[in-house]
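Two complexes follow with subunit A in common, the first pairing it with subunit B and the second with subunit C.
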Partner chain A sequence: MNFPSPSSAEAVVSVTSLSRRFGTKQALDDVTLHVPRGCVFGLVGENGAGKTTLIKHLLGLLKAETGRVQVFGHDPVADPVGVLSRVGYLSEYRDLPAWMRVDELLNYTRAFYPKWDTQYAEELREQFGLDPAQRVRSLSQGQQAKTGLLLALAFRPELLLLDEPSSGLDPVVRRDILEAIIRTVAEEGRTVFFSSHLLDEVERVSDQLAMIRNGRIVLHGRLDDIKQNHRQFVVRFEAVLAVAPRFETALSLRGTGREWTLLCKGERSHVLAEVQACGATVLSEQVPSLDEIFVAQAAQRQLKPAA
Partner chain B sequence: MQIQIDPSSGAPIYLQIVNQVKYLVASARLAPGEEIPPIRTLAEQLVINPNTVARAYLELERAGVVIKRHGTGTFVADNPPSVSKAQRQKILGERADALLTEARQLGVEFEEVVELLHARNEKMNPANA
Partner chain C sequence: MNLRSPSIAIAWEIWSRGRAGFLGIAGLLALGAIALPFMRESARWTNLTSATAYALTAVVLVIGLFCVHFTEGSRKGGFGSFPMRLFNLPVTTRSLVATPMIYGAVAVVLVYLLCVGLLLRHVDPNMPLLWPCLYLVFGLTQFQMIIWSLPESRYLKLLCLSIAASIITFGWMFFVPTIVTGALSEWGYTGDPAVFMRRLLVALALTGPAAYVVSWLRVHQQRHGLTTRSAVFAAWWDRSIGELLRRRTPFRSADHAIFWREWRRTGFILPAVVVVIIGLTCVPAWLAGGLSGRATLGILSWLIIAPLLFAVVIGRGLSKPDFWSPSLKVAPFHAIKPVTSGQWVMVKLKVAFASAALTWALVIYLAFIWTAFVGDLQGPEAWLTRIRFYCSPLECWLLLLLAPLAAVIVTWRCLVMNLAAGLSGSKLWYHSLNLLTGVGMVALFIFTIRRSDGDPDQLRLYHVWPVIEWLPLILTAAVIAKMAIAAFAWDNSLRRGLVSQRTSIRYFLGWLLMVAMLAALSYILVTNTLWLRPLLMLMAVLLVPLAGPALAMRSLAVNRCAA
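Right, the complex of A and B next:
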């Protein structure tokens, strides 16, 4: 089996300088990102950060006001059939027709996709434990999510697009969804793009990620690179500090008294120089988790509101 | 092959796999010539990205710990390199720090810790005592 290296592969999704405004709200602000073929791309951000708006642009449900969106090298607004026939999509709300039976819904959806794989759909249905005779309205949240996922997977799309796939689901269903993501990308050449606010699952399955905040991309790259670019230091001052010390190089700072934890990005030597200049000593240094990086990025807004 | 992944730990997941496989080989829980799971199987089992497993296997192959035989699978090398002295000291050093910190917090003297280590060692290897 050959897993292409994401950096060398061509981009399945290319977004360049995309901006979008809803009334006075800047929903997307100069967003640029590229999703290489064969990768699992995680889009993380708080609620209202712009994740769903971005995904709607990829599906051609919203037209780019400024900037450019390309999926498989096509504009999804100009060529919806060419793009959507290759994209499996699961929305956060999993809006399925409540009155249909599961088998009816499968037959109905199959009609839209020439490449629908009936045998694969049946395999997934059994694996997910879905009763074909049951009405959609009587399915549990988790069963509805699995049904939505089945519909998105059964025509073996080249790009699987999932908007908050595990939102509101129990751990067992979440695991089923993550396994489906992994199986999808393990099939050569397939790509997964998913948004989530559950950072431990992004950390598990994605190899590339973008972090969006207030419509802007604040981090974008390989997960390993992003983690390696950040460092968490615990430092100790000789005296008890009544107010928090200031560190130019720190994204976030927390602590009390003598010991403080700094989360820093970039050049390690600059951080160490600043710590030394403040008369503090480094007690420990480690690579932070994605969760800690995310929280530090979010805290920045409070530290530097004008930025 | 039993591997535990902690995504919230700072260490990259591929490195967690590399270190644990090295440890399993060093402690003879994986024998030379033994097959390790295919990339896809391990990825599904651990619920992690197959690219991450592929990267870990590549590192292990480069380090001479495993050998990939085309068409058959990936196997533990016949003569896997032993863990370097620096690595051994780093791994044990961290454990030792944790032990000493805990001892200090419990008010246990250093000499008492050393005695305890001797006692435990005798219990584990009665023949060497």
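Right, the complex of A and C next:
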């Protein structure tokens, strides 16, 4: 499925018709997306939806079976040095070498990136409260997440890839530090691509997002557009309904008796016309949260897996 | 599946994890049981029959031990420990430790009995049963005890494993009647050797329960978070040695950083192991005192063989992306570093060379000191006199220079032998090559023993003369094939941008230099059998890897895209 997006020429990340299969499981299915420079791009989806698989393709850690992946206009598998020297990556699995000390890890990583900013790295280390003499294996999960984030940020990469960055971080660090960092990076004209299943977090920091489900992109675009394109209505019927009414434009429908709440996608006028045609009146109307849109999308896909 | 008790669940886990290994054992046993009777019928193949039977038995036993060891790595526990995930099961520590230990012991005994019944009976119908069974159980339980008891301290664990491995490697000789009788009389033992062996058997039988008690106490401590002595040792090590080794200054380049990492993870292992082996060999020999010239030469020979032997074993780990990780995949942390696969492979080769060079420097230095102060100089002097007789003074000096360099090159070759397979991420390729190497080593070991035990039926040079006649052709074909594969592999790596042209030229020049050194050495060493010279030179060309590094680069590049 293709969605309106910036042209691949001006995109930092350009994925075209990417598919990937692991045994019988279709991990990615015809994924197409483009991420423009300077934007914060959120990738949301359930566990096992294909977020990490997609990010691994962007890093060249997986080779595209079909389709094409380009980062900064280069294939990350064919030109790993050209791509990876401009990409900072925080892995979901925090696979840092456990035997190194924090300062050894910083020195080690620094050797690979000529643009490493020692002062910035030191600032972040102090901000995160990391002891340079401590071994990585003795760090808590949250401290490891902070260390990984530090390593991904300290050379000021043009593209920051964060795979579930909030995992292991406490709410204060997540809200005050991570989000501030993401915004700062974007304000400097650099690009952030991050995956998360925390929708409130994605909603707060993203400019654009893509929703992935069973390896397919089911929603993709600017956050404001997505939210504007969805409406939640509370409608009332004259009579008590024994069975749920049918609305073509509704992604989800819940309620009993006379009052029903429906989350719809599409033009507002079309939805209102459909509501009137069913003999119902609109009691209230609001812009749904991303969380509500996500749940509605998930429920709809479960009902119509082939859609 | 309905697993009705914890012990059945653990048995199922052992079976499930080692299923492929057990099937392999069944396959090898079936193969041996079918092939050996036919081989025995042919009088020409007597040696081959026994070598095959022993080699198959050794491989089957190694696979069996590998399948039932029941240890696993964990982030907190380093490279091996008791499976800590079982600690939260509602099972007593006693059962938790006893169950895998008993299952393992029963399994290896069964495997040995099957080997005797299906393979070894074709060699010797009266194969001993009791002591080999007890010995196998001893080996397994000691291994489990060390790994389970010392999860916090990698180096203490390595030291204990080295000591145990040395005891296990040589300990079996004390159960061979002829060796025991001879050795006991040489040591001045006046009692009955049969009584000595009975006592030894009782001691061997007691090691199993002793290992169980130690393991139980140590696992109990780990399970309840009690501070253990090895944890204290690990903390001390971290404060003292760890601080000493701590890297505080930035690296000059990415290559330098990778070298540091590879050295810290892998490079130091061979020198450290060889120093421990030298200590375990030379210190008891020094304490025993009164060494004959023959014994001195024997110990020196072992000191020369040990680095090569351990290089083959340690090379299995060095060829993987990470020596200590059971996984063959490149961890994403390393895979995303902006360096080419060629850079990484070249650094690995350099680390292996540095490791081999340091090892030989230590061996030569320690062997020299030991021989000068403890050994009997008559043995080495007789050997040196022979060299002086055959070689001119200049050749003697060249030998003195080239022999250590050749030793370093051969050790390096042993270390990097499987680099392409290890970096590929393919378990099948990697383990198949390991198995082949293991079989080769066992066969060589058996061949060496059989040649030196005075058996009139042993393999003689004239038995293999038809092969030697064809050797020039075979070697020439192998050299041509090697060159063709190397040309293809380097061209492929260059075209894919895995390595720079400058690096490839430098490697080729290094290769030429190494081949020249080996060829010069073989030229000097072969003084009277002149037809051997060109053959040895061809072997020198074959010995130094040329295609291997380029294939390893390709393997690593593929592995990096399969995380």
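Please note the rule applied: the second predicted complex is superposed on the first by the 286 of 307 C-alpha atoms of A that agree within 3 Å, B and C clash if a C-alpha of one lies under 4 Å from a C-alpha of the other, contacts with A are read in each partner's own complex, and residues count from 1 in each chain.
The definition used in the following text is that a contact is a pair of C-beta atoms (placed from the backbone, for glycine too) under 8 Å apart; a residue touches a chain by one contact, two chains touch by 3 or more.
What you see is a predicted model, and the numbers here were worked out from it, not measured in a lab.
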Do subunit B and subunit C fit side by side on subunit A in the superposed arrangement, or is it a clash? fit
Does subunit B (first) or subunit C (second) touch A:Asp200, or do both, or does neither? first
A:Lys56 contacts which: subunit B (first), subunit C (second), both, neither? second
Which partner does A:Val287 reach: the first (subunit B), the second (subunit C), both, or neither? first
Just checking: does A:Val40 make contact with subunit B only, subunit C only, both, or neither of them? Give me first, second, both or neither. first
Taking the superposition as given, does A:Tyr113 touch the first partner, subunit B, the second, subunit C, both, or neither? second
Taking the superposition as given, does A:Arg135 touch the first partner, subunit B, the second, subunit C, both, or neither? second
With subunit A at the apex, the angle to the CA centres of subunit B and subunit C, rounded to a multiple of 10 degrees, reads 150
State whether A:Asp79 touches subunit B only (first), subunit C only (second), both chains, or neither. second
Which of the two partners, first being subunit B and second being subunit C, lies in contact with A:Val87: first, second, both, or neither? second
Shortest span in Å between Cα atoms of subunit B and of subunit C, once chain A is used as the common reference: 27
Per the touch rule above, subunit A residues touching subunit B in the complex are 1, 3, 6, 38-40, 175, 178-179, 182-183, 185-186, 200-201, 203-207, 223-224, 227-228, 232, 286-291
Under the stated contact criterion, what part of subunit A meets subunit C in this complex? 56, 59-63, 77-85, 87, 89, 91, 93, 95-99, 101, 103-104, 107-108, 110-113, 133, 135, 137
Applying the document's contact rule, which stretches of subunit C touch subunit A when the two form their complex? 75-76, 238, 246-254, 256-257, 260-261, 264-265, 331-333, 335-340, 496-497, 560-563
Seen from subunit B, its contact residues with subunit A in the complex are 5, 7-14, 38-40, 43-44, 47-52, 54
